[in-house]
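Here's the structure we're looking at; comments come further down.
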């Protein structure tokens, strides 16, 4: 055997105190950073609510009016009213239209990517989707304001091009990448044994998709749609620029509307800090925070549901 | 002629359905890409007259109706750089916690939910938070510091997600081998896990740059302003407590707030913003593909 | 109890004492209260079909089972007379036990760093201390002559057989008193396996070896005593000569070693 002597018993060796302490400190920092996400979410809720809370006890404000009135006259000289119902409807109408367009296209593209196309094409398409999702929302808004609005005026003869239709199309283009990538993950998560069993029974690819894969990936696809909704509801700059500025319940696709998010962005600069108007905008923010919280938690819950099965 | 494997009408119908499905789904994919190409092309064509190096280096002139975008461009660099300095360490450490330290219990599930939610909070709510927390409560005022911190918290989930993915791609067997010889968790992370995921983390940081550069709402109410007088080509015009211009907000301003702007100016601004963001993203993608091809195991 | 004549002293020193060890993963018990001793400087072979709890048992010895959140352990494991679950410094425990996993796992570090990793983790950082250890361990693992000119190249770039010997060198690098090998030969060729078996025979002079294997003939070639583990229970533990003589107490053991099942 080797004649090299071993001068030290490594198994009994001790690390220097400094090294052990440094490691302890670093691990404390790691744990703190890990927990920071909770702290930040809590802080966001706390600070937004903190700025909003005083208005809840203000004389000129009622929560019922805030939620269910369509009258938004925050700067009226003698009769100030803070009803956000028209804004909520604005958000809902634009989001609904966006989903009407984005869900079929997004899920269709997800199916194509995961089941029909060749690996090389798939990689290319995924790169394009990634780039599509990287486009800043202010650029989308600019596109809506210029390109899309001209197209809509030319095609429909509407008096203004910035409206529900415009915002819906822009939001659809923005949400599609989310739906495609999450949807594709959901389809990919279906075990290959399902596919092999289907093919062994003589099913065509299409039969496989709608008889086997869609039911099996149902929850994941639902989560994809929910995350798309979350993205659309929370989007600000694009809808600010593309939907026009009319605070009313839209009668048609060609009406201008304003959404909850756009309303904050449009008026926060003018509302004096500490005024009721300013606080109501923060209250709208609290509402948005809670809406997206519910949407995201539901999406996560739905996904977790499949994993447990 | 009609052999045993001849097509029955039933099979033929199935094949037609198959090819219809394939083309429909293919078209849906194409419908996603065509707008991207058309939009980018259209923007570039309209921006062309104004696009030049001079446009980048020059300052806005004649009440922002002419000139270049230098103060906005530098401002965005400042905002992105400082937000990165804050969020990268926190994000990487948080990802290390979630992937390497966290046991599967209710508390860590809560942490995961928090990360998911942080990613889902609307950008305008982040803006309200930045205004309430940094501008007023912390008394940083409307400043680059406030805006950068707001951006940092907003982009934190990006770096957490990509770092976690990079860490998770290091095989479990390496960790077990380290634990078996008496290495602590941190020694394992330091010696084996981090060196083999550093490039994935870098990709995440690059993606974060692009995300932060494009955001408008969070900086609009916390530190970015319509106009700031800056020398042409000056690299260090701002301090931490100053307000600054930002490229994303400059585009919004030119498009909606300033009358009689030279036609090509907003288009050129949009192209510079879009081009920078796509360029940064493309870098990340190329880096990722290159890394995938030179794995050590 | 019969003892193998060659390597165990008249009154064997108990290196490891396991009593009533139970292990459950998320409520499903996989080891049902086993008790056995490992004597100093013996090779104890642990044989048994897959899913018998062999690997899980090893992970209880060096407490890497702690990394599996769903695992719950009861009973007592003593190494060198100390209860492992009462030990404050679990890392020192792991350095007293060398562990070789079934699949060759070179760390993505240089060959030198692979072997120097464990000493460094335990605070040995001087080059003068590390170099002799690295050389000694690589020699012990019969790898030195093949890699001495390229200690800087990546451990993961070695062939499977070389990587497995590198893994053994790494397991020896912290100078353990006990070496556990978990089916070390399943991913390597017979020639390399024979070389490693020769290495083990020499190592027996210095340390205690636990050899988990599903090759019954390998257990027969190498071990002093053999333990037959089946579905989380010890069927039989006795001198290897007895187990393979065809006169072992349990019919199951006779069936398993003669290849009737498993």
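Chains here go by letter, A, B and C, matching the order in which they are written, and residues are numbered from 1 within each.
The working rule: a residue touches a chain if its C-beta (ideal position, glycine included) is under 8 Å from a C-beta of that chain, and two chains touch if they have at least 3 such contacts.
None of the values given here were measured: they were computed from a predicted structure.
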Practice problem: Please identify each chain that touches chain A as well as chain C. | Solution: B
Self-check item: Longest centre-to-centre distance from chain A, chain (CA-based)
Solution: C
Self-check item: Chain pair whose interface holds the most contacting C-beta pairs
Solution: A-B
Quiz item: Taking each chain's centre as the mean position of its Cα atoms, how many Å separate chain A from chain C?
Solution: 52
Quiz item: Between chain B and chain C, what is the separation of their C-alpha centroids in Å?
Solution: 49
Practice problem: Using mean C-alpha positions as chain centres, tell me how far chain A is from chain B in Å, no decimals. | Solution: 14
Exercise. Two or more other chains in contact with one residue: find those residues in chain B.
Key: 184, 187
Self-check item: Multi-chain contact residues (two or more partners), chain C
Solution: 92, 95, 118, 121-122, 173-174
Quiz item: Which of the residues in chain B come into contact with chain A in the complex?
Solution: 14-15, 17-18, 20-22, 24-26, 28-29, 31-33, 35-36, 39, 42-43, 89-91, 93-94, 96-98, 101-102, 110-111, 113-129, 131-133, 136-137, 153, 156-157, 160, 184-187, 207, 210-211, 213-217, 220-221, 248-249, 251-252, 255-256, 266-267, 270, 273-274, 277-278, 281-282, 285
Self-check item: Contact footprint of chain B on chain C as seen in their complex
Solution: 62, 64, 67, 69, 91-95, 98-99, 101, 103, 105, 107-109, 117-118, 121-122, 154, 156, 167, 170-171, 173-174
Quiz prompt | Residues of chain A that touch chain C when the two form their complex | solution = 1-2, 4-16, 19
Quiz item: In their complex, what parts of chain A are in touch with chain B?
Solution: 23, 26-27, 29-38, 40-41, 43-44, 47-48, 50-51, 104-105, 108-109, 111-113, 116-117, 125, 127-132, 134-139, 141-143, 145-147, 173, 176-177, 180, 204-207, 209, 227, 230, 233-237, 241, 261, 264-265, 268-269, 273, 281-282, 285, 288-289, 292-293, 295-297, 300
Exercise. Mind listing the chain C positions that touch chain A in their complex?
Key: 92, 95-96, 118-119, 121-124, 129, 132-133, 135-136, 139-140, 173-177, 202, 205
